[in-house]
Structures are given as C-alpha cells and as structure tokens.
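Should a chain be cited, it is by its letter among A, B, C and D, assigned in written order, with residues numbered from 1 in that chain.
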Amino acid sequence: MRLAVREAMLGFKRAPVLSALSITTIAFSLFAFGLFSLVALNIRNTLRAVESRVEIRAFLAENAEAEAIAAAMGDIGGFKEVARVEYVTPEQALERAKREMGEFKDVFEAGFLPGSLDIRLRDGFRDPTTVKRVADRVRTYAFVDDVRFGEEWVQKLYSIRNIATAAGIILGLAFAAVAIIVIGATIRMAVMARSREISIMRLVGATDGFIQRPFLIEGFVKGVLGGALALGLTWLASSLISRYFIRTEFFDARLAFLGLLGGAVIGVVGSAVSVGRQIRRVL
Amino acid sequence: MRLAVREAMLGFKRAPVLSALSITTIAFSLFAFGLFSLVALNIRNTLRAVESRVEIRAFLAENAEAEAIAAAMGDIGGFKEVARVEYVTPEQALERAKREMGEFKDVFEAGFLPGSLDIRLRDGFRDPTTVKRVADRVRTYAFVDDVRFGEEWVQKLYSIRNIATAAGIILGLAFAAVAIIVIGATIRMAVMARSREISIMRLVGATDGFIQRPFLIEGFVKGVLGGALALGLTWLASSLISRYFIRTEFFDARLAFLGLLGGAVIGVVGSAVSVGRQIRRVL
Amino acid sequence: MIRFANVFKEYPRTGVALNDVSFSVNKGEFVFLTGPSGAGKSSILKLIYFDELPSRGDVWVSGTRSKGVTRKEISLLRRKLGVVFQDFRLLEDRTVEQNVAFALDVIGTPPEKIHPKVSRLLTQVGLSSKSTNYPRELSGGEQQRVAIARALANDPFVLVADEPTGNLDDRATRGVFQLLRDINAAGTAVVMATHNIDLVKRANLRVLEINRGQVVFDSAEEKRRAPELTP
Amino acid sequence: MIRFANVFKEYPRTGVALNDVSFSVNKGEFVFLTGPSGAGKSSILKLIYFDELPSRGDVWVSGTRSKGVTRKEISLLRRKLGVVFQDFRLLEDRTVEQNVAFALDVIGTPPEKIHPKVSRLLTQVGLSSKSTNYPRELSGGEQQRVAIARALANDPFVLVADEPTGNLDDRATRGVFQLLRDINAAGTAVVMATHNIDLVKRANLRVLEINRGQVVFDSAEEKRRAPELTP
C-alpha cells in the first residue's frame, strides 16, 4: 500500500501536465454539472416562492352585505385547499393600486375599485386544476362579481418548471457522461504513457491488482481534487451571480460532500475500467 | 510538405484519444468563450433596446393652453438632444394606463389622468447627465406640472451595462488564457509522447523545421476542428436558449469565421511554442 | 522443472517460429541455447517465462502448465524466475538502485530488507559506484549488468538469460559467466541464449542448438539430429 | 575527415568519460574501437555524430567543428553520416520498410526513389522477407540488421557503428562485417566499436583501443602508450 501510494505520487510527478489536465477536465465537467444543478436548484426555489403567491381574488359586487361576506369567508376558509382568506375593502384596494402603479400615484386622485376576497392556497394545492376548481366554487357566491386567478400565468409557471426539470435531467446526464468519458480517456492516456513500465512490472511478477492500485489511488486523488476545484468554481460563480444579478442559494454541506464523493467515485471507476482493459493488453 | 501532412495524420491515428481530447478541450475553451461573448452580445443588444426607450415625460397642468403646448413642442423638438416630442392627451393617458395596468382594466371606470409631452432622446444623448439636463430645461415651462424620467432607473441601467462589460472583458481574457494553457499542455503532451521519435529524427539528420512541421499542421487542424466544434456547441446552446427562454442573437458569419481563425491561430501558436521548447531539449 | 512437449509457436504476421520443440531442463542444470539469428532462441525463453503461450503443445515450468494458465498464476510463477532480457528493459525514470529494488518491491519484500540486498547485488555485478545513475547515463555493458542484478534479486530457482553478454567485453563476459556459474552452483537452473561460441565451447555444459525453429542438437542426447526442413 | 584534438568529456553525474583523446581518421579508412565496458567507446562515437559535444578540446568532422556549432549545422552533418546505435533506436510504430524509408524522407529524397532503394538495402542485409513487419516482431539480430540498413540509406561518407554485431551469430556477424568492408571499399570511412576480438584480430585493420577514457593503443602509431590513471 505504502508503495502504491508512492507510485501514485510518482505518477503525478512524472506527468505533472497530464495530471493537471486530468484534474482540470474532471473539475470542468463537474463544474458544468454543478452549475447546472445550481441553476436548477435556484429555478426550483424561485418557482416555489412565486408559486406560494398564487392566489385567487374574488371581486365583490358594490352592494355586497358584510354578513354574507363574513359567512362566505368562514365557508371558504374551511375548504381543505385553502390556507387563508382575507377581505380587502375598496379603500385598501385603491391604496394597493396606487402603490403598485408607482409612477402614477399622485395623479390618481379619484376613481373606484371594488373590494375583494383574497384567497391563499395551501402547499400542494397550487397546481392549475386545483386552483381552477377552487375558483369555480368561489364564483358560485351571489355577491361575487368576478373571480380572477391568472389561469394562463399559473399554466405557464408549471410548464416552465417542467421544461426546466427536463432540461436539468437531460443536460445533467449528458454532462455526467462527458465527465466519465474524459476521465476514462485521461487515465487511459496515463496508462498508455506508462505501458512500458506496466509490461516490465508484469514481467517481474507483479499481479494485476498490484499494478492497478497506484492508478486507482491516482484516480481517486484526481477525482477528489477535481471535485474540490469544481466546488470552488461553482461557489465562485454562484457568489458572483448573487452579487451582480440575483440572490442565489448554494449547495448545503451534504450536497457539497456528495459532489466530492461523486468526483472520487468517478475517478476511481474511470481508472478501474481503463486500467483493467489496458493491462489485459500486455498479456 | 506531403510527408509532413502524412506525419500529422499519423499523429492523429496513433493517438486518437489524445487528439480527441485536445480537440475537445480546445472546443470547450472556445465554447466557454463563445458562450460568454454571446451573453455579452445579447446583454448589450437588450440594453440598447431598453435604452432606446428612455424618455422624459412632462405632465401638463390641467389648464395648459393648446398654443403654448404647440410652441413648447416646437422649442423642445429643436433641442439637439431630442429625437421626437409627442403630445399625449388626458384621454390617451387614461387609455394607456388601462392597457398597462392589465388586470384592473375593467374596474377602472372613472378617474382623471393629466396629459403629457413624451420626449424621446437621440442616440448618444441617453446617458444620465444629459437626460437630467434636458429634463431640467423642460421643467422651466410654466404649464409643466411635473417632469418624470426615472432618474434611478437610468442610473441603474448604466451601471448594469458597465458591470456587464467589465465582467465580459475579465472573464473573456481569463477564458482565453485557460484555452491557451490547455492547448499548450495538450500539445506538449503529444510532443512528449513522441520524444523518442523526435530524437531519432534528429539523429538521422532532420532539421528543427522539418520536425516541427507536422506538429504545427496537427495544431492547426485541431484548432480549426476545435473552433468548429465550439461554434456548433455555441449555436446549439444559443438556439436552445432562444427556444425556451429568451430570443437571442447568434454571431454573424464574419464573427464565426473569426472564431474558427482564432482556433487555428491558437492551435498553431500553442504548438509552435511547445514544440520548439521541447525539441531544444533533445540537443 | 522445465519441460517442452511438442511445442509449436506461430506468430500472427511472421509465421512459424518454433516447430515441434521438445526438451526438458532439470533442477540445477545449466543449458546454453545457441543457433543463428532468428532461429527461435528468444521465443523459447519467452515461452519459459510465459510471455508467449504455445500455439500447440505444452510447456511446464515448475508445475505450472501453459494450457489454461491464468494471469494470476503467470504472475506467481514469474516471482520464482529471474529474467535477463535481450533489450534489458530497464525503467528509464528510475536509478540503477531503484530498478533493482523495484523487482523486490513487486513481490512484497519487507522494505528494510531491500536496501542491503540491492547493495550486495550491485557489488556482485560491479556497479556499486553507479547505483544512483539513470540507465541513460550508463554504457551498454553497464545496463546489461543492471538487468542481471535485477534478475537475481528474488533468488530465482530458474534464471533465464537472453544474450546476457552481448554488450560485454571478454573480461566482463567471463565475470558475468562466472556469476551465473556461482548461482548455478548454489542450485539455480540457468537457461542462457548466446552467440558466444567460444564461451560455449570452453564451458563444457549442456548445449541446445536451435535452427529454423527446431532443436537440431542437444548435447544431453549426444547425437545430432538431421534438421528437417520447415514446410 | 574526423579529428579529435585533446578531447575531454565529462558527464554531469558520472564524471570524466574521455580524458584527453586525440586521433584522426582519414577518408576511406576502417577503424575498430575496442576496450572494456564503460571505457568510452560509445562516447567517442557520440562525439563524432555530435550527439554530445566535448567538455574541452575540439572535434572536427567533415569540416564541421564542435566549437560553436549550430543545430542546423549538426542536422546537415548527420545527413552525410550513417549511424548504427548500440540500442538500435527503431521506430516501434513503423514497419521495417518504413523505418528505413524514414531516413530517406527526412533528407528529402524524391518519393519515387525511396522504394527501390529501401528494397535493395533490405536485401543487402538479408531482411527482404520481413519488410512489412514491425520491430517488435523481429528477433534481436534482425532488428540490428534493420538499423544497419537504415544507416546505409543515405550513402554516408562515414559510417559510425556501435556494436553492430552484438546480437548476431558468427555467420551473420561475418555477413554484416563483409557488408561494412564492401561499403568501405566503395570509399566510405567506417568507425566501428566492438567487443568481438576475434573479428578484430582476423581483419587486420586499424585498431584504436580505449581504456578508462583514454586511447591506450593505436595500431596506426604501432606503439602502446602506458595508460595514465584518471585522477
């Protein structure tokens, strides 16, 4: 083992450029992967945040009676899909309109806006079909003039999320495949560069396992280093984006460790496959 | 020359993995570079589009006289910074407000909005200081109630553009440096793998130029292939983004050719530097 | 110990190299392999250390049979053999010392035993002064002696040597030959391919003469067989 | 033609290899270099083809002087030399034919002239049947003959051969030696390092004996100098 480690380190020393390149390519592959995962993670978080704001707004007729409204609020609040119902008076509505329409606030003197019931849904009940079902039930109250819930908007939200998820899985797998190919090729090159040495080792009686060990250790070390580098790059990219564009979230420690472990596994597996195949060619 | 080309092709055949890896790394470097250029290009285009909408809106007092307005429009239209002045009547203003405030359009029955003069500036006069100067001049007319031009917004726009440009240049140079290093390393590896051959060539009387030629050709071919691959990848990425996110613009033929040429130059120069250094080590 | 039974060896692109070869070598024997260039001497040696396997026929070395042998068995057999290659096969990026130590490392010799053993071996072949040099810094004959030291490192029970004196002057040749005789006297069988007819004549040991892939003379059988022509 | 004037060669890690060597070789001469392993024979040959440059003193070969020589001049000189290396130095990934053709390609021989010339050379060294094989498919002696064919390819005016018969049997040795004599007869000077004392004795040609980096005997001077001890 001691010898194998020494051999592995010799491998680095003898081919510093090759080793650096391996580590860099592993890092770049995992970086691409990590960056995408991060994008996916943040899109999902953003979507969840946006989604949590999905609400149904029922505009009330001008002559709606306070008691009827209160009774309806009780009813609706009892639906299993509904998290919260809030009554917005016409005055509050105007206030809000002024606030939301910014630029025009001081030229917005007169005007009338109807009151409304703003209904917020529970987690897990925000998909387009459920939203529509609740909206339809709310519409049945006599004093409700109109119900709005941005059908198209909710639909669009969901389709973006689906596309993002699909793209994430496809691109993720593609990048993983590229990473494995690059690692395999890199290690095959290292094995080829040392094929003379391997054949001599075989000739003086070394077993396959003995010959493979340094390569596996080298692969492991490269994988871990590549993983760490990738993590660093991803973190850098993520914090740059956070700083200049939008706030993003980074992987937690568990995910980061998983990335490192992934690098190591890819390094070792890639080496094992390559070195095994190559060694068998030296009889 | 014929021999050199044959040698170069032999180089590919003898080390297909190494060659593929070189091409891939060149491609990836240039891809990263290309993608960033594309992002920069598109940010700049978007900014230009957004910027071209920078306008000053002067709200008119309710009792403003039509003649005074017409005279002022003549005046303002004569400013060298101004491209176009447009009169928006109170009715048009209401129409526009309804259109822009979407959701509330049918509950927006009454209300009053003042008329305005919408002033559009010429290209090259949209920087924050000029906008402010024009706004101040417009404010001097007696019938102008208020002037709005989104000072903060214009400022923000410019600072985003500056950050994007700076990031573009820095990241661009960084990527170019990485590309050159990777290419140099790849070719150095190829030279190392053939060092025995090189020393034998020297010993049977080959000159340095003769020995270098196949490597330069190989570098050139790899550079061009890498460039083409990078272009393809960039195009793919760009059209995917166009399809699922926002419409983006791609490089024109001239820029694409420049990318290919860039790859070739990098390949040849990287090879030349590497091979020259390496050959001198074989006496 | 070593037994070839009707061994044929055909290479994919050059055709028949060995044509029905049979002989055996007993424990502690010393055998010269002679014959012209391209006769098949190196091929026979490669079959002994299982670098090649016979196309037909069987090779037994120390109880290991060529038919159905596994990679693992080949490795274990080689640990008991010492091989001096015609082209030395030294590791270019290791010193003389490391090249010899390497053979000991591979078979799992305890680290503290390696250094003294390597020193002794290098002294034996007269190279202790070059122990920290790299192969490219040695003359041809010096490289050959490193190869011999490495072959002796694991106290082999058979030493297989392909032209071990090809790059040596007369005095060095006699030195190396004496070394091989000493090892042989200590019980190690030696199979040595050589072109040095003088050496063979003077030594009066068993000679196996190969020509066109056949054993045309075996001094142990004391009779010369007529060389059959290959088809 | 070739002149060594008080040449010293010191290697960075092994010390003095040549110690004040002076001699010259005339046009069309045949010279044997003899001496024990590590004496400095290969070093002298390397200085002739400018693979090494002297630490002190001067080497002239065909008008090219070692002092201040450029890389370009070395290349041009080597085109006029033929070299057989002690370790062959064949290109592993080219056939026998391609290995020889390579030497002609390098010096810009017109393609149509290459093939016939290569065929003739391979016939000369008795290897025409192996022209499409790779070096690893050849026996040691066969590889050596490929190296000789390559050295002769460019009709050199000096042939430098380091142990060109080290892996050959007696008959092949005589064949190769006859080849060298024929070439020599046609006007090419030959400098050949060898351990084959029999060959040297029988040939009755000029002998330069090297020991510990010094010329201890030059048959052209018909006198034996006392070997000085290296400090």
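Please note the rule applied: a residue touches a chain if its C-beta (ideal position, glycine included) is under 8 Å from a C-beta of that chain, and two chains touch if they have at least 3 such contacts.
Please read these numbers as outputs of a predicted model, since none were measured by experiment.
Asker: Starting at subunit B, figure out the least number of steps needed to reach subunit C through touching chains.
Answerer: The least step count works out to 2.
Asker: By mean C-alpha coordinates, which chain is most distant from subunit A?
Answerer: D
Asker: Starting from the mean Cα coordinates of subunit B and subunit D, work out the distance between those two points in Å.
Answerer: Those two chain centres are 63 Å apart.
Asker: Suppose each chain is reduced to the average of its Cα coordinates; what separation in Å results between subunit C and subunit D?
Answerer: Chain centroid spacing, subunit C to subunit D, equals 29 Å.
Asker: Roughly how many whole angstrom separate the Cα centroids of subunit A and subunit D?
Answerer: A distance of 68 Å separates the two centres.
Asker: Give me the residue numbers in subunit D that touch at least two other chains, ranges are fine.
Answerer: none
Asker: Looking at the complex, which residues from subunit D come into contact with subunit B?
Answerer: 49, 51-52, 71-72, 74-79, 81, 83, 85, 89, 91, 93, 102-103, 105-107, 111, 150, 154
Asker: For subunit A, which residues count as touching subunit C in their complex?
Answerer: Answer in residue numbers: 2-3, 14, 196-197, 199-208, 210, 280, 283.
Asker: Note which residues of subunit C are touching subunit D in the complex, please.
Answerer: 11, 13-14, 34-39, 41-42, 86-87, 130, 132-133, 137-142, 145, 162-163, 166-173, 195, 197-198
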